[in-house]
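Each chain carries a letter (A, B and C) given by its place in the written order, and its residues are counted from 1.
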């Protein structure tokens, strides 16, 4: 018998298992000053004085500090997700993560000062290269961009496009305008030209209430309502004809779950048929386009009352090639790779979700 | 069932929590204001190290906007926040269907004993 | 087979503010005349949108379909309906002058009560409310609470704050006192963008985005404990569709298990609350026929759906599609009338 300290040392269920691709990991800095070496002096001084100004969005006390698993705080200090060592220990090594995609939620795209936002984004991407991609070959990263200014965003995409460790362009799900709107098109063009998917991650703030019915009171509503944001953004992308205009573009919806998509496809197809005059530029039924171009991470995984219902849903969705497993480490709504996908899904389907789909989309050899 | 000796009671002071390994099982042992509890350190939801989560009185509400701290103590899973009663390991929202193993703990002659198979 | 049919959504359209003027006080009659006020500046849908009035119902004589009781009487006759619940979407919530909004809401309700209800004993009325002023909305419910054929308070699904917000408690309290249901209908003009992601370019986006707003409202009403405060609350979703509900319920139950502590007055799973308190109008049936069986299987209750034509909205092309044969019996027979009869406490 051993008596131990507070940290969990129970052996991981490390049975012989296939490697996994984790499509959503959140790296951050131990504390804000860690970004300073990457920021030009001008912005370092501004940041020290004024911090980061952005739309406040929805502010709630969240389930746990930093919205993280309470066991993910590095023992040496710093925020959850800031320690590469702990990320290796708790995630990459523990579950044989073959590739992990970093999606830093550091709000560069939300900064009201757009020039600062562009510098901030560039610094974040430089920091990612130096402190994450260089030391850890299993990691890949998303390009942080100042998405509310198309030319600045395009410049940052083009700056990184040659580094194949950057595998997608990262946007937040709440933006100043719906994401199908024309102001965002140059960014889609640049991503398409670079062969990079657009990743849209839950979060952000657009400067108006977070729902069409105003601001909810509770984090429960904000979190349980994540799907509504993705529904609206996907509707915008489809009905604005973004997929027609950019025939090579693929979009990844990150951290919204996926069960909502099947009924939305029904709704979009029906709406498109009824309102063809307004949508003359949308040349195919929305469900056809979505099944080709839209990918979704599985987290937070759906948990129906019986796991068989999840299998049945996937059968009806017919998007087995477009679902990407993700943990969302180190956040509290983390999905454990060995438990999140129920066994009833079967080995072949699980393998696609856990690894093969992401390898195909992100072109991991 | 066997009694396993865990050590002297002063190694489990009030406010402490310790994770112990017994027969290949990870178990959290808690002393909450002198009351000892032991729970399996594995959340039935997705296998999180349950016993690393925060321990606090259960919060209930007679009506919206009123918050009452009950005497019942619960531990919240460090991942998704599911609440389990320390006394018997039952989840608060689904006491019959979702529970974690709770082990009887007692002190005899200054030593802490846990009862398990 | 003779079905007992209840049509739980038929529209009563205010074709012109002139119809309301006789029901206004002299002061507001003068205001309407002096300002040239022609009605709210926005509506749920653009007047000419094909979704507003199915092409086969459009009148060649220019009269607005559903603007006269006789139009709806013919619908109820066609369906052998025992009752039809009138829903008027006159957008008083888009009128910022609080007194004008209240006056016009009262005028609409008096128009319904005095010109529609006497025309057909099968009609039941839903109250239009100046919802931007919850106290005034509550007063309007109180004013008409005694009327035996007023069965529902009708709220637009887009609002300035979600309806669980405590500012709206007077409205739910008044509905509770009156013993009437609360119905949410499409549209609403609170001043916020019509989606949580901004102002969309196309009406089609607003139209496709309606279910998401119903989801937001359900989330709020559950999270804020409105169903705990008002144990008898009956909530109707009118125009939301239902294909999205199973996934939504799975999500809410999952979230509640972990986040209960933030909303500890929510003492049971959201799915149970929805099964008990919420009913959904059948139209739009956004579910392909081949999927209907699976979706119905996954709804949190058997008695959730209530038949409606949603006349004159464009929801189906052939009458056979209004209550599809793909819906299995005996559920189909209950959807036709029994669920609405129980919900609205009709004879």
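What to note about this one:
In this section, a residue touches a chain if its C-beta (ideal position, glycine included) is under 8 Å from a C-beta of that chain, and two chains touch if they have at least 3 such contacts.
Keep in mind the model is a prediction, meaning the values are calculated, not measured.
Taking the mean of each chain's C-alpha atoms, the chain closest to the overall C-alpha centroid is A. For chain pairs A-C and A-B, the one joined by more C-beta pairs in contact is A-C. Per-chain CA centroids place chain B at a distance of 48 Å from chain C. Centroids built from CA atoms put chain B at 35 Å from chain A.
Along chain B, residues 80-81 each make contact with two or more other chains. Looking at chain C, one finds that residues 224, 256, 258-259, 263 touch two or more other chains.
Residue numbers of chain A whose C-beta contacts span two or more other chains: 63, 332-333. Of all residues in chain C, only 49-51, 157-165, 188, 190, 192-205, 207-209, 211-213, 215-217, 219-220, 223-224, 241, 243-244, 246-248, 250-256, 258-259, 262-263, 284, 286-288, 291, 294, 298, 314 touch chain A in the complex they form. Chain contact summary for the complex, chain A toward chain C: residues 61, 63, 173-181, 206, 208-221, 223-225, 227-229, 231-233, 235-236, 239-240, 257, 259-260, 262-264, 266-268, 270-272, 274-275, 277-279, 300, 302-305, 309, 312-313, 316, 332-333. Against chain B, the residues of chain A that register as touching in their complex are 1-10, 13, 63-64, 69-71, 332-336, 338-340. Note for the complex: chain B touches chain A at residues 4, 6-7, 11, 17-22, 26, 41-42, 45-49, 51-54, 78-81. The touching residues of chain C, when paired with chain B in their complex, are 166, 224-225, 228-229, 256-261, 263-265, 269.
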